[in-house]
Structure formats: structure tokens, C-alpha cells
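I am attaching a structure below and will ask some questions about it afterwards.
Going by the order they are written in, the chains are A, B, C and D; count residues from 1 in each one.
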Amino acid sequence: MDNWVKKIRKRTNLVAGTIVFLIIVFVAVFAPYLAPTHPWDDADLMISELPPSGEYLFGTDSKGRDILSRVIYGSRISLSVGVISQLINSVIGIVFGLTAGYFGRLWDDIVVAVANIMLSIPSLIFALAVMALLGPGLINVFIALGLTNWAYTCRITRSQVLGTKNQNYVKAAKAMGFGRCRVMFLHILPNIFGPILVMASLGMADAILMEASLSFLGLGTQPPVPSWGGMLAGAREQLFTAPWLSIFPGLAIFITVLGLNLLGDGLRDLLDPHMSETK
Amino acid sequence: MISYVLRRLIQFVPTIFGVTLIVFFLLNVLPGNAAMMAGGKNRIPPAAQKLMIKKWGLDQPVYARYFKYIKGLCTADLGTSFISGERVTDVLAPRLWPTFKLAVIALAIACVTGIPLGFYSALRQGTAMDTVTMIGAVSGVSMPQFWLGLLLMYFFSVYLKILPTVGYGNGDPKFIILPAITLGVGYMALLARTTRAAVVETLSQDYIRTARSKGISDLLINRRHVLRNTLTIILTSAGLQFGSLLGGTVVVETLFSWPGLGTMMVNSIYYRDTPITQGCVMIIIVGFLVINLLVDLSYALIDPRIKYQ
Amino acid sequence: MKKKYPHDVVSSSGNIGSAAENPMLSVEDLKVYFPVETGFLSRRREYVYAVDGVSFDLKKGETLGIVGESGCGKTTTGMAVLNLEQPTSGRVVFKGQDITDFRKLSTETQLQLRKEMQVIFQDPYSSLNPRTSLDKILEEPMKVHGLYPSPGERRDRVAYLLERVGLTPSQGKRYPHSFSGGQRQRIGIARSLALNPSMIVGDEPVSALDVSIQAQIINLLIDLQSEFDLSYVLIAHDLAVVEHISDRIAVMYLGRIVETAPYDRLFVNPLHPYTQALMSAIPVPDPKARKNRIVLTGDVPSPRHPPSGCAFHPRCPERLAECSESAPGLLHKGQAHHVACHLVR
Amino acid sequence: MQPAKTVLNIDSLFTEFNTIDGTARAVNDVTFDVKRGEILGIVGESGSGKSVTALSIMRLIRPPGSIRRGRIEFFGRDLMGLSGDEMKDVRGNRISMIFQEPMTSLHPLFTIGLQISEMYIKHMGLSKKEAWEHAIEMLEKVQIPSPEKRVKDYPHQMSGGMRQRVMIAMALSCNPELLIADEPTTALDVTIQAQVIDLMWQLEKEYSTAIMMITHDLGVIAEIAQRVIVMYAGEIVEEAEVNQLFEQPKHPYTRALLEAIPKLGRRTRMGRKPLQEIKGIVPGLYNLPAGCNFYPRCPEARPDCRLSDISLIDLGIRGRVRCPYYQGAKA
């Protein structure tokens, strides 16, 4: 156990990623206590486009709203999109990947074919198509992103199952007459959970980036809900007059996604000794 | 080898078919909706709606329309726009070249910088340079493109005033610099990470130890033994990740008002012009599939295990 | 620790292996083929002929050793007996019951059979679930089969098993990664005993272990056999290990048994040229015994394209013309010694 | 070149691996020499340091491992003092090595012809074409049928035994003075192992190359070696001429090892006696016992064995042994 502590400490990326992630969670949970003003009710055209100052740390936007408050509340959108859509992804991907890998035969062929078709559609393009169908809105973003990346989880899960299925401890479990569900969920799943966890944290980063992109394009979360991507949508026009509008929401996305990517990398190094011996 | 190439080519057909199926049904499951929303937020009188529904054949069942669409695809007919009534192919044709140019230049920037960086980093594992490069790479992967674009725009156009902000500039090369860099950076970072991982993995192989035991110089080991093996791994993952670059064109084109397929697609979604959206999606996906097909075919040249299959 | 050894049968009487009484396990003309992907566009289906007509019996309390080189089908035979591989054709009869179509049997029968037949694997590192503690590894099968229903009984049983294989019950809370290879193999053996089976198939149970550890495990297996009243099918490539443990030995080559005999007969009088070559190829740990070996030429052919006639004929130093034409059947040469070779009539 | 008696002389070699779990002393004060044209067997179990010793001689130890200290004299010249480029002229050219895993030790994407040619191009400065011709010649020497065809093969088209022959051809191509064979037959089947051992015998006579044969298999050692070094937990515990080692093993570990292996035909001749076990487990290199490393498992251990480190006792012509009680135990 001592070694685990040592190993985790040596992984700077894991530690940094975890800290960033915890900070984002903290900010999202306690947003009402941290934000100086309400993110959209306190619009006041008298104070529009003020540069960052002691009073408005991040400045104000064209409608006179405090950018710091909006960035703080924006963490709730990003985090919920990341968690919920990745949860949908993981459940679909794990169920299909596990059953396809374990049962094989026709079911496997079908799942692999569908997953391959899904993988041949660039994720953002697919998400855009789903948004075109459903129309904008936060709930629709959950659904669109939840349906987008499951094929990656499915592929990883399936390949892990194929590798684990022939491990002798699985054969031994079969030889002792254990049922299929017991073997799949109690013997195989716990042993392939590492790579799935890695996928999940990288997938969350991806989902957050995609939500920001969708909102930037005006097809994601709708105003006045303070999505980080949406806040940047109009920023280009004010680049000459109020560049700070572009800085802070983007920085927030960047740091959050970076944190999750570091977390994913760190987990991979930790859980996959094959890859980690290099550091 | 011929059998391998043939097999890959034939596998291409059902994939395309599957993709059209998914895309078509995704965009057409709500038949009335498209007509209702056609023309954007301006509501159309019910009488006109009925007329439009009839005109576009939206009263037919989805599968019938799908077969019609497939039939059209075979003759390179992507349908007609709901808004302008023009043929989709005519609308999209002038948009192809700007997007293609943007994607290729971004790809070139990414490959020329990303692969050497990853290689360099792997060979100097654990050094400060390696750490800096890899922090840079993970940052590049995490960077939202529209934000990076805004920052570049601010620095080069607003602050230094040496490059134009947005637009196509009638093909003036100055205009493509910022969009191409913006689009390429994420992909470059991906390539650098993939390359580093592949090289590190290869370096730990037994046959590299064998090469060392033969007294061959490090340069030759890296150039010949490592590179050759790494190439297949990089190509595979570069092909799969190419989708992120194509998806990025939508964002980057919108940010830089670049007259390509991406802006067209976003606009068509605003205006509920389904045939146009569909056309854009299909073209982008086919581009992605073709790239991956080329990647797979190139294995046959690199890996003898496939050649002799 | 003093060990009592089961009395050794020095002279094997002729009844070993004879079908005088009902055998515990009887395998008849077992075939296991694996389909392989062939070239694209070709309609022809190809197979790996992993096991191609194997027959043997196993009596209660007996140890049958199956030896052969990699690719000879010995492991597949073992897995087919346990129904971890589906036989393509042939019959597997266990305690008088035909179990070839395992999946068609009722669930209770399947469970009952699983309980009776257990397995020990070669690689002690992949044979234990890394996320399960020792106690759980041993308790889970008991729970599933409803043996030792009360937790107290189960705990006692686990403690007993651990002690019996040379571990201490206090180690039960630990996970497999904290044990060495030899200790893991002990855990694997304890697991195979958890259900009180009557037959154990051991797939190369000692070949992955260090020399100094091998002896411990071999001795343990021999001790347990009499104590738990077990029959063994022991698959191995090391003839010396097999001779030490087995009552009867079957030599396999390319999916078929070429010779089978009581261990002492086989050693004194190997009849098949392959058996002779195999024995002569084994390096003897005695420099004085350096000898002129029969060195076979060529490689073992692929089980995808086995040679015609006797599969051994391309490498056989004594082959006859007919060897490439017809495959010899197993001939009884007396005293339970069977051999499949045209030279032996 | 002046015919020297000693090809290689290793003096107090220490090689360590520094990992997150601590420092593993993989090779601990190892001293021995290899004489011209002899086959020296090094035998030991996993973790005994035999492979690390070989890699240390080649100076192929990669981080986190490193050679702490020691001299590796090759014809009187200390390899530790050579520059990287000078060492590359030694590797493959004058000392070459064969590895255990024939399946993974050859580059999968190059023909075997090219992989052998590299040796001639690098060390003899031959042209590609000449090197190719030599490669075919080498394949013929290692008895690969129709070498002019097989030279264009890729490794995946060959069996394990064939690949090991290719490795041998490659290793011997520049006629090295020392060949280090690290478990060259372990991954092979017995009948193929016999072929490879046979081949090595023949080539040894033809090339009069000194061979360092590393294996865990005492049978292989008895077959091929003239002198034997037994290693345990990073240390040499015994060294002796081969007949002496098998007839009069001195160290309790060697004795126990010889008793522990089942020998073909023994049961038939003498009935089944239990194999003599060596109790306990092979010690981890991170926490070696104090005093004699074998003490916890030794059937003949005495209380003072663990008090202080035991040094290797030189018995002159009878070899060396790391046990002060080797005589008492013999009786």
C-alpha cells in the first residue's frame, strides 16, 4: 500500500489533474456563494464592457453582466455536460462492448459494424447533426453528446474483454460452473475497469470541449444560460474594443479540459504498467 | 496483397451505406418539422407549408425518401435546397475548395511539426525538453479552437496588425495562415502525443535490443528500425483522429468567416435546410473515410505481414 | 516436514489402462477443429486440426500424463475434456454419462459436472483474478455450488485448504499480486480442490515455475492425489516430470496419440520413433551421459496442413513408403502398451 | 592478433536497478573470466542475475538499471572505459549476443537478409550486395534449407527454431571472439532445442568462439558446457568444471538443485521417491536476507550463516564456492 502512495505522488499529471478537477467541482457546487453577482439577472447597461478592475475582476460584458460570475456559473454547465453525457456514453459503450466481446458470433458482428459506422463519423459533425434534429438547449446537448462518443468506449471495452476472456482465471471461473452474468460482471468487468475509467475522464474532457463548440456555434446551450462556449460566441466582434471578453471564458474551458486530460493521462500511467514504465 | 486491397475496398461500400442510413434518418425522422421550420424563425402560412411538403416529397414515408436519396446519390444528386431551390451540389461545389485547402494546410502543419516533436521527445525521455514538449502537447489537445483562434487573432491582427482578421480574401495566402494554424494545433498536439507513445513503445521492443547488440549506431536504429515500426502506429491513429480535424473545420470556418463547407453547414442548420446539412455531413464523412482507406492501403506497403496474407 | 508417500507401483501389472472396470473418464475419437479465416473471395473453409481423433481412458485414482511439443493438441484435448472447448466430433464420457454436448445438459447436471472436474493452469500469473482476495477466490465456488452453506463452515474449509497447500490462513485477506509464482500455483491448486472434485486436469502445472519451486508443487500434487482421492490428467512437455507423476503416459504428435503405455514400459521400451527421438532429445543433467542423440530434422508441421498418412513421416528417420499413404492405427502391443506406427506390427 | 588465454575478465561487477520499490542489486560483486574457445555455462533461476550480467558485458543495461562499478576486461581492455562509438565497434563485431525470445528478437518489418547484412555493412564496411551474399552464406552455415530463397523472408514466415538459427547466423556473421547466448533454447520445443544445441556445438568447433551459455536448465548445461558458474540472487555461489559440478556439487544450493529436478528414467529404475524440495521462495532482490542469501532456504544452514556476508572461497583447480561449510556438508 505504501507503494501506491509513492506511485501516485510521482505522477505529477495525476495529482495536478485531480486538484484542478476538485477545484472545478468545488466552484460548481458553491457557485452561488462564490459569485459576486447573479450571472444574468444583474444586467446593467450602465456598466457594459468595463475592463477588468478591482470591482469586476474579469470585467463586464456588453450587457453589463459580471464576467467572473458568469464564468463561475458556467462551470455548472460544463461539469454537468461532462458528467451526464459521459455517463450515457459509458453505459451504452460498456453494455454493448461487454456483451459483444463476451458472446461473440452474430451479436459481436452487429455491434462492431454499428460501432465502426459511428466511428467513421467525426464526433463534432455527428453532434451537430443530432442538434440539428433536436434543436438547441441544454437537455438536448446532454442527449447529443451522450449518443456521440459511445463507440469509443464500446471499442475499448470489447477489446479488453477479448483479451481478458482468454485469461485463465476466466476459464477457471467457467470450469467451476459460474454463470455468464457472474463471469461477465464479477470477473471480467472489475479487471477492465481501469481502461474504461481512463476513457471516461478523457471522454469528459472531450464532451466539455464539444459543448463549448456547439454553444460557440449557437447550437448548444442558449442564452442567457452562461455557457463558457456561448460567452465567446459574440466575442469576436468586440475583439478590438473589449478583448477581455475573449480571455476568461476560454481560459476556464482550457483549464478544465486540461485538468481532465491530465487526470486521464495520469490514470492511464498508473493503471497500465505497460505504458507507465517509461516515466 | 491484392486480396487485402480488394477486401478493404469492398468493406468501404457497406460503411458508406451505413453512414448514409444513420445520417439520413437522423436528419429526417421528423418529417413535418423541416417544412415548418424552413425559412428559419419566420413562420410560413399553413397553405404554403402543405405545398412545400408536397413539393419536397415529405409526405412520403421515410424509407421511401431514403431510397430516393440513395438513388440520387448514385448519380451524384444530393437533392435540392429547401430555401433557394438550387441543387445541393451546385450550392456546395464552390465551398469544397476552400475547405479542402484549409484542411490540407492544417494537416501539413500538424504533420511537419507534430511527428518530429513526438519523436524528439521520446528519444529524450525524462529530460526537461521532453517534459516541456509533452506539457505543450496536452495543452494543445485541451485548447478550444475558437479560443485559440481568438487569441491568435488578437495577437496578430489587433496587436501586431500584420495579418487580416477574418474572411477569405479571394484566395490571398495571408488569409489562410491564422485559420490553418488554429485548425492544425490540436491535431499537431495529438500527433505529437501519439508519436511519442509509439516511439517509446517501440524502443522497449526486443528487436531494438537486438539491433543495439549488433553495434548499429543509434542514428541508424532510430531512422530505420524505430521509424519503420512507428509509422504504422502513427498512421493508424492519425487516420482515426483525422475526424477531429474535420470536425474542427466547422468551428474554425465559422470563427474566421471562411466560405467553406463548415460555415455552410452551420447556416443550413440555423435555417433548417436539411438537404444542405445532409450534403455537408456526407461530404465531410466521405473525406474522413477516404483518408482512412488510404491509411489502411498504405499498410500493405509498410507491413510485410499484410503483403503476404 | 515429514511426508508420507503413496506406495509406489514399481512393476505395473497389465491391468493398468485396461477397460476391465468402468473408467472414470473415457474419450473416444475426439476431434477439435478450429475454423480459420482464409483468403478473401475463396469459398474453401480451412481448419486447424488441433485434435484429430484422440481416444483414451482414465481410471479412478489414476494419473494419465499427456506429453508432446507445442501445437500437438495436448492442451486442447484437456480443455475439450473439461468442455472449455467444444469438441467437433467424438465422445467424452465422464462417470458413465455422455457429456460431449455439454450445453444441451440440464443446468443441474452441468453444475454437478463442473463440481466433479477441475483444472489447474500453467501460468500462475493469469490464472487468478487479480481483483479478488484469496478468501474470496476459494469461497466463491462453494457459494455458487451451495457447498458449506454457513459462513463459519466456509471459513473453516478455506483455512483448511490454505493450510493443506502450504499457505497460512492469515494470508487469505491478501491479493494474488503479493504472492510469488510458486505460491500462486498453490492457490490455484487450493481453488481446484475447493469443490471436492474427483478429477483434475492439470495443464502444464509446473512448467512456468523455477526449478527449485517445481519440486515443491510436484510433491504437493502427488500428496493430494491420495488424500483427496483424485484422478489426474496431466498435460506437460517435460517427459521427466510426466514420468515422475504419471501411471500411464500418452505421447501426442500433431493432434493424435502416437503411443501410450504405463510409465515404466514407455521408458524402457519406447516403440514409436517419435517417442524415441523425444526421449533422446531431452538434455540429461549428467555430463557423463552426453550421448549420440537422434536429432530430428525439420520443424513440426502446422496443424493447418498436416502431412498425409502418418503425420510424423516427413521427420521420421525410419519411414517406409507406406507411411506417407496411410495413417497407422493404435495397435495393442500387450501390457497396456499401444502404438501407432507402421514399423510396429 | 596475439592468442590470449583469457577472452573476458570480469572483476567485481555490480549492477543495480533503481525503481520506485527501492534498489535491486541484480548483479552483486560478480567476478569471473571466459577463456579462449571454451563454453562457459551460467546457470541460475529467475532473478539470479545471469541475464543482467550478460547485458552488463554488452553495456546494454537501460535505465532504471546501471552498472555501479566493476571492470569488464575484454582482451585486457576495460570495456567500461570505452566511448559509446568504440563500444559499438565491439558489439556484434567482437562480442555478440543471442536472446531468449526468437519470436520478438527480430525486426518484424525487415527481411532477415537485411538484418544479417547490417552486420557486414557496419563492421566490415561491405557493400549492400556483398553483404547480401554473405548473409546467404551464413544462412547456409546455420543449416537453413534453400538459403537463397529464405534470405528474402520476413521473420513471421519462419518458425521459432528457424528464427533462432537466424539469430545465431547474425551473431556469428562477424566471427566474434565471444558469443553470449541468453537462454537460446528455452522458448523452443525439445526436438528443436536438440537441433539448436547440435548446431551450436558444430559452430563452436568451426569458429572456436568462446561461448557464454546462460540457462536455467541444468540438462542443457550438462550437454554443452565445459565450466559452470552457478548464480543465486545476484551472486556467484559456485564455479567448477562441469563433471565436478555434477558429481561433487559443493554449495548446498547446487546440491539441492540437482536433487530437486526429476530425471528421466529415475522412477522406473529406482521407484518413486519424493523429490527433494528446496523450501521457501526465491528471494526478492529488494529485500535480500542478511548474511548468506541462501540461508533461509538452506537445508544445511547454521546459525552463524546469517551473521555476516559469505565470501567466495577459491579452491584453485576445484573451482570456487560461496559456503564455508562446503566440506562438512559433503560428508
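Here is the rule we go by: a residue touches a chain if its C-beta (ideal position, glycine included) is under 8 Å from a C-beta of that chain, and two chains touch if they have at least 3 such contacts.
Model, not experiment: these values are computed from the prediction.
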Fewest hops from subunit C to subunit D - one hop per pair of touching chains: 1
Chain pair with more C-beta contacts, B-D versus A-C: B-D
Inter-chain centre distance, subunit B versus subunit C - centres from mean C-alpha coordinates, in Å: 54
Distance between the centres, which are taken as Cα means, of subunit D and subunit B, whole angstrom: 53
Distance from subunit C to subunit A - Cα centre to Cα centre, in angstrom: 50
Shared interface positions of subunit B, touching two or more other chains: 126
Subunit C residues counted as touching two or more neighbouring chains: none
Numbers and ranges of subunit D residues touching at least 2 other chains: none
Contact set on subunit B toward subunit D in their complex: 126, 205-207, 209-217, 220, 225, 228-229, 302-305, 308
Complex contact set, residues of subunit B against subunit A: 14-15, 18-19, 22-23, 26-27, 29-30, 125-126, 138-139, 141-147, 150-151, 153-154, 158, 165-166, 197, 200-201, 204, 240, 243-244, 246-248, 250-251, 254-255, 265-266, 269-270, 272, 274, 277, 281, 284-285, 288-289, 292
Subunit C-facing residues of subunit D, complex: 45-46, 159, 161-162, 189-195, 197-198, 216-223, 242-243, 246, 256-258, 260-268, 271-279, 281-282, 297
Complex interface listing, subunit A residues touching subunit B: 13, 113-114, 116-125, 128-133, 205, 209, 212-213, 216-219, 229, 232, 235-236, 239-240, 243, 246-247, 249-251, 253-254, 257-258, 260-262, 265, 275, 277-279
Touch list for subunit C against partner subunit D, complex: 3, 5, 8, 10, 69-70, 180, 182-183, 210-216, 218-219, 222, 237-241, 243-244, 263-264, 267-268, 277-290, 293, 295-297, 299-300
